[in-house]
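Heads up: the structure comes next, in structure tokens.
Going in written order, the chains are labelled A, B, C and D, and every chain counts its residues from 1.
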Amino acid sequence: MDTIIKNGLVVTASDTFAADVGIAGGVVVQLGQSLHAEGAHVIDASGRYVLPGGVDPHTHLDSPSQQVVTADDFRSGTVAAACGGTTTIIDMCFQRHGESLAEALADWHRRAAGRAVIDYGFHIVVVDLTDQVEAELARLPGEGIPSFKLFMAYKHGPMVDDLTMLRVLEQARDHGGLVLVHAENGDAAFHAQRRLLAEGKTAPRYHAVSRPPRVEAEATARAIALAELVGAPLFVVHVSCGEALEEVLRGRARGVHVRAETCTHYLYTSEADLDRPDFAGAKYVFTPPPRQPHQQAVLWNALADGALQLVSSDHSVFNFHGQKELGRGDFSKIPNGAPGIEERLIGVYQGVQSGKITLNRFVDLVATAPAKLFGLYPRKGTIAIGGDADIVLWNPAAELTITQAALHHQVDYTLYEGLRVRGLPETVLLRGQVIVEGREFVGRAGGGQFLRRARYPK
Amino acid sequence: MDTIIKNGLVVTASDTFAADVGIAGGVVVQLGQSLHAEGAHVIDASGRYVLPGGVDPHTHLDSPSQQVVTADDFRSGTVAAACGGTTTIIDMCFQRHGESLAEALADWHRRAAGRAVIDYGFHIVVVDLTDQVEAELARLPGEGIPSFKLFMAYKHGPMVDDLTMLRVLEQARDHGGLVLVHAENGDAAFHAQRRLLAEGKTAPRYHAVSRPPRVEAEATARAIALAELVGAPLFVVHVSCGEALEEVLRGRARGVHVRAETCTHYLYTSEADLDRPDFAGAKYVFTPPPRQPHQQAVLWNALADGALQLVSSDHSVFNFHGQKELGRGDFSKIPNGAPGIEERLIGVYQGVQSGKITLNRFVDLVATAPAKLFGLYPRKGTIAIGGDADIVLWNPAAELTITQAALHHQVDYTLYEGLRVRGLPETVLLRGQVIVEGREFVGRAGGGQFLRRARYPK
Amino acid sequence: MDTIIKNGLVVTASDTFAADVGIAGGVVVQLGQSLHAEGAHVIDASGRYVLPGGVDPHTHLDSPSQQVVTADDFRSGTVAAACGGTTTIIDMCFQRHGESLAEALADWHRRAAGRAVIDYGFHIVVVDLTDQVEAELARLPGEGIPSFKLFMAYKHGPMVDDLTMLRVLEQARDHGGLVLVHAENGDAAFHAQRRLLAEGKTAPRYHAVSRPPRVEAEATARAIALAELVGAPLFVVHVSCGEALEEVLRGRARGVHVRAETCTHYLYTSEADLDRPDFAGAKYVFTPPPRQPHQQAVLWNALADGALQLVSSDHSVFNFHGQKELGRGDFSKIPNGAPGIEERLIGVYQGVQSGKITLNRFVDLVATAPAKLFGLYPRKGTIAIGGDADIVLWNPAAELTITQAALHHQVDYTLYEGLRVRGLPETVLLRGQVIVEGREFVGRAGGGQFLRRARYPK
Amino acid sequence: MDTIIKNGLVVTASDTFAADVGIAGGVVVQLGQSLHAEGAHVIDASGRYVLPGGVDPHTHLDSPSQQVVTADDFRSGTVAAACGGTTTIIDMCFQRHGESLAEALADWHRRAAGRAVIDYGFHIVVVDLTDQVEAELARLPGEGIPSFKLFMAYKHGPMVDDLTMLRVLEQARDHGGLVLVHAENGDAAFHAQRRLLAEGKTAPRYHAVSRPPRVEAEATARAIALAELVGAPLFVVHVSCGEALEEVLRGRARGVHVRAETCTHYLYTSEADLDRPDFAGAKYVFTPPPRQPHQQAVLWNALADGALQLVSSDHSVFNFHGQKELGRGDFSKIPNGAPGIEERLIGVYQGVQSGKITLNRFVDLVATAPAKLFGLYPRKGTIAIGGDADIVLWNPAAELTITQAALHHQVDYTLYEGLRVRGLPETVLLRGQVIVEGREFVGRAGGGQFLRRARYPK
């Protein structure tokens, strides 16, 4: 053992126990009382929870879309992640039209390598499904990319038709992949945008009007039906409302293998935020849009009772100044997305504070479940013998008022400005090395490794 | 009064009463006991039900599709209809790609004029929605065509995308139209066809495998969601299974104005019919396909309790010899459709015989409800003062074993061969004129009139 | 023909047509244009709707309960009914503990005879099910009493247990009866009352708190399950909320034969009314209690699309002064019930005015459906040859602000005080005799007849 | 460390990792690679899973009911449990009519003490709720009995009414208790029994006919509604069918805190078993009864996706000879119940073998979830530092054909006779002591301890 974390309370998705954690070569090798090893670096975790590092399976770093690129690159984004207690991300690698998946992945590798400060994997976003691309999909799970993302929204953008979904679902089914779906009816959203703009309804608030819960629920139901028809598993990203959740539960009751996430911001924001003055509502333009306030309780319940499997950040960030502002006078031109890579664990943990979820469930939602669903387990996502020593020392007594200044992302705002929270990550280890100390990043750019992930089990 | 029907039992969608029916100028003018008029033609209806003539709102006469044309034209088809107790049809007028709706309607008028022996209207099937066509849709309800049909199935054929549906639904909403939708996911059916054929599964039975209930239920749910989003009414044609019906009921519970029909054949056929020997299963190839037998009871219940509004024939006929046979070796090449224009009232009436529905409900399902929903009421669909004297004398005691020989359509088979039935139409009047006597047509070609229908009420 | 109603627009549950109505011997004998008969009494109905007289299948006249008796007896109650356009009621005849059903019915006959000014039948309320009573139930449908009412609420009152329900449902099933059920969980309401009163929550508003929608939905689901288990039809009285309606629809989707009503007051009142000052909230204490305002739209939708079959008054009236006041300081002591026998048709008709329901549906809801469901059709509930000439001339242009002074019941308030309405009954005929003229009763006490009703069809 | 389990694969509800397990004083103190301690007893677990001992939260040992007593007492029953890999049970302590809960618990302590070979707790079954008993319920959670069982079935037996349920739910809510409910409508089952017996339908198969899925689903829905009304958590025991499961999911979707179990036998048996010849069907008479075969897949899915929380045995055993035989000629006299305390882990594990559930989920279902839900965690239910060293060495390669001879219970049959299984418990430790070796019990009577359990968290 070269490092020992002493006196903490270890928390996994299942268990909570007082134990020291012995680490050797970046891996957890011992859990027990009163561990000791000559010369080992000792970290005192008295009064701290010892948690597995967070796994954020839904980020968009350095991601070009139309005329803009997301404001966090793999360095700034992963530094923010690390400071928030996340030690692994899975980023969305977009295929461009006409491009092979191999080219898309090579591009993404270039963006990440030498920059990422935590470990990372890629989902592949299929935009242009040729026969050649279909063949690539068959191979990708064996090459460490077992998850394929599809968009049902963004007409004239990455949106795909049902036939494409069926073909991709089949490849996933046959080769150990899992399809992730952005479930909103793109035609309906596009149509509503046109109608609203034609009526002079251009403000950010019309973003929510253009894609109400039924737009999401319809697509969710459809994606599940398609998965059912071909017998493939499905993962629904960013469920934002009870209407969509109902479809997930109906599908599951029919025996469809469907899993789903929500994102931190759906637990905290609502339509009213889009009305913030001075165009600040644009900061809250993400898809699906913020919903009515009662939906937050629906989502917390679903996180508690297992209806939803995990919480991701969907960190897809655009500066208010210069980027979000492109949509002044036309809400449909506001780049979609919001920050959350650093706020995710803190945000979800507040549900432990308020009794909505248990401490173990918190760990499951932010670390273990994403690691398991996306082929990173048992290396990532838990604290267990043989797993990577990706560890967060969490101070349940620490308090903070979230401000933009206190965060590490490179975008110019946070959704949670002024939110008083209790419970914070303090020290973060990546494979046994301390990379965050006292909420400041002390690691190095490029310290992150690419992770080849395992196939999705049949 | 020029004609009096005496001694019958008049049945409407609501009422059943013994009364004579006095007719003048083709219109019902008197209902009462012991009617008398000098010189009037008297028809004795002792022991007969006096019913309004059937209204069949879903037929495909003389309809070209790909390489074949439906085997009944407006003469043979309407003769068969008349002999089955139907005095009004609404036929599906197909727009061709590149064609204006006016051109399509002109074509259909040419097909019908001088041939139809009963009255008729047209739905317009929108296949190619240009801005010009959108403008035509705005005008059509005012010109007597208040119903627009859309196909969600038949990829590379009449299938439209969701954006088209939304735009057409809006025109309907704004101008007093009603959208009829063929709800099957065309991508899913197309994909399944390809997969099945690739696996050598070419027999008629795979027609059903390629479009299971979920294919229908998904599209039904989607159409309802789109109607909900734009606030338009919707009519779902040929509901064939409980899964689709559940979506109709869910939509209605959310306050969506959705109405729906089933067709006679779904009450009588099942998947097993597709396995009939010597390729005879091809006779049962229609869409949605025949379902498992338990669905028949589901549909009868839905007809009884008001979940479904009416029964149409979807008479779309292809000869077994020469047409259906095109699909030997490839079920996807079997022309889709089956006869029923003559068997419809008889088929539905058997539900009265067996206690599944009331006599009034029978009248509603085959005459009144279609007349009301599609803008023909009060001229058509009932027996009431001032309405057209389209009247069927129905003999509840007459029995028949259905055979191809006993029917009047021009196609070479019936789905109901050998079915023993009780209760038959005997005499049929169109606007006061006897056109069927003793189950034989005695009217004249061209005796039918085109009906300008009223707008769908908001 | 001794009487002819000329120039009106006849409306039935299905049809609307301009026709004169010829009456002979209290029965409709002719419908037609320009009717004429020597010496016949002619009533001009120009500009009027000619409707079947209303059938109110749920009243409580002269009904003793604990320490109070309802304030309307069979004379005053039926005068009010007549003035509101109702020509038939079915009153709830309560069995007392230890009493035979024959004794209960004899008692009710005594209360009605010589007083009722319109025709009437009785439901029998089974409170104490002995083997002898079970035997009586088997006979009652043959004696003109084919409907049995059960209470799942009112613990220590008429509430029965599930075993009783099962036994009564079986008698109904076997002998052509229909069970009506008051579906609220009596234990839950009783328990909540005790808890609320113990907490000092004694005001009328706690009446609603003590029996929220779940109390009704639970019992509705249970009653339907019990009917399903024995294979009997069921009628749910006074459905007040979407939660209960959902259970009705779920049952129907499983194939259970379940029908249901709502009452006028659920379309107009809400929980807020219980907060009216000076204890006036007590006027709105009925069961189920008034609900949240959004439930009104749910119920109107259900009336429009056929989910609910009819609207009754549940006229069960207690004077505010001297009766409702018994519950000052203890909401559970407020006698439950409210007036509506006169306001029913007017209240439901406003839905025609505002486009929520059609004119035909209005007739069905207040006259035809109740007549059919409860064995009075074809004698009552429609305008058709051979039926009783119970007819209302309805002035769609007449307007009124409802006030207590304008009504004819004997209770000291109306729920609708100040409501501006359009569309009123003006002239009412009972079996061909005018009993209301210009909204004033001109008939005679005892002019009503007891109606032996037919069995419920299997 | 006095004992070390070496070379095994440790499995928890969340994690799977190769590690040695160090034990001191009956407690796990170390997890790690290559553990060593002077003089420690070393158990080799090569090729074995190292699992937490099973927790069976639903047993009926030495339990008198009417004229019979269950055939396993606390010695024989817990020996069987231990041999099946279970180290903790929670037995149902029945109150008798007129008895205080303290008396009932004292009785049960007498039955268990000196006999139980594994640790045990008690649920209290409330049969007769007086004010005094209500006061006892308030105290019991603080005394280690935080779970109250209620029966909605068994009319004239332990069945309680809804008012009792509401009162008990309130005590649970206020004092950290959890109500367990046997959800079947007792009136409906009783009524059906009478009807069936009157018709001469006396064979075991009518047991299932008398309590179809709707009987269970109705009571499940009702129990959930009552829990919702008072705001209490609820646990539904022995869910046997999709109909009841649907009610659980509907309740959860409304935000009701409802958790549920199924039992091993519902995963393996079906109605057809009741038809076994020579009255052997009586062996399969338990409540709810065995269901149609498709329900097994529904339950496995629900176990996999989290809809159901755990699997218990509901071990309630009666000898075929002398006990089950009491019901010859009257199925309602067959004592209800079946063995499973030893077969439970083996039975559920087969789902891991066949890919229905994961290994971690298996551990959760049979050990961790019951320990957490019933206040035994973290002492029981997992393998973690500081927890009791209740450990099972499981041989995934071992195979067995289950026979009565191979089992250790005292009842004269097994439901699984002839079932070929793979994966067996071999060695079992209770608090660090080996009590089963090679599937034979080597511990001592009375080695089990009574467990005071913690309150259910709010």
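The rule is simple: a contact is a pair of C-beta atoms (placed from the backbone, for glycine too) under 8 Å apart; a residue touches a chain by one contact, two chains touch by 3 or more.
Values in this document were obtained by computation on a predicted structure and should not be read as measured data.
Trainee: Identify the chain pair with more contacting C-beta pairs: C-D or B-C.
Mentor: B-C
Trainee: Considering only mean CA positions as chain centres, point out the chain farthest from chain B.
Mentor: If we average the C-alpha coordinates per chain, D ends up farthest from chain B.
Trainee: I'd like to verify one number: the distance from the centre of chain B to the centre of chain D, where each centre is the average of its C-alpha atoms, in whole angstrom.
Mentor: 57
Trainee: Taking the mean of the CA coordinates per chain, how far is chain B from chain C in Å?
Mentor: Here the centre of chain C sits 38 Å away from the centre of chain B.
Trainee: Please tell me the distance, in whole Å, between the geometric centres of chain C and chain D computed from their C-alpha atoms.
Mentor: Taking the average C-alpha coordinate of chain C and of chain D, the gap between them is 51 Å.
Trainee: Find every residue in chain B that makes contact with two or more other chains and list them.
Mentor: Not one residue in chain B touches at least two other chains.
Trainee: Touch graph of the chains shown: is it line, ring, star, complete or other?
Mentor: ring
Trainee: Which two-chain combinations touch?
Mentor: The set of touching chain pairs is A-B, A-D, B-C, C-D.
Trainee: What residues on chain A touch chain B, complex-wise?
Mentor: Within the complex, chain A touches chain B at residues 155, 161-163, 166-167, 185, 187-188, 190-192, 212, 214-215, 217-218, 221-222, 225-226, 228-229.
Trainee: Sort out for me which residues of chain B touch chain C in the complex.
Mentor: Interface residues on chain B, with respect to chain C: 10, 12-19, 22, 29-33, 242, 245-246, 249, 252-253, 255, 297-298, 301, 305-307, 355, 360, 364, 368, 378, 382, 384-387, 458.
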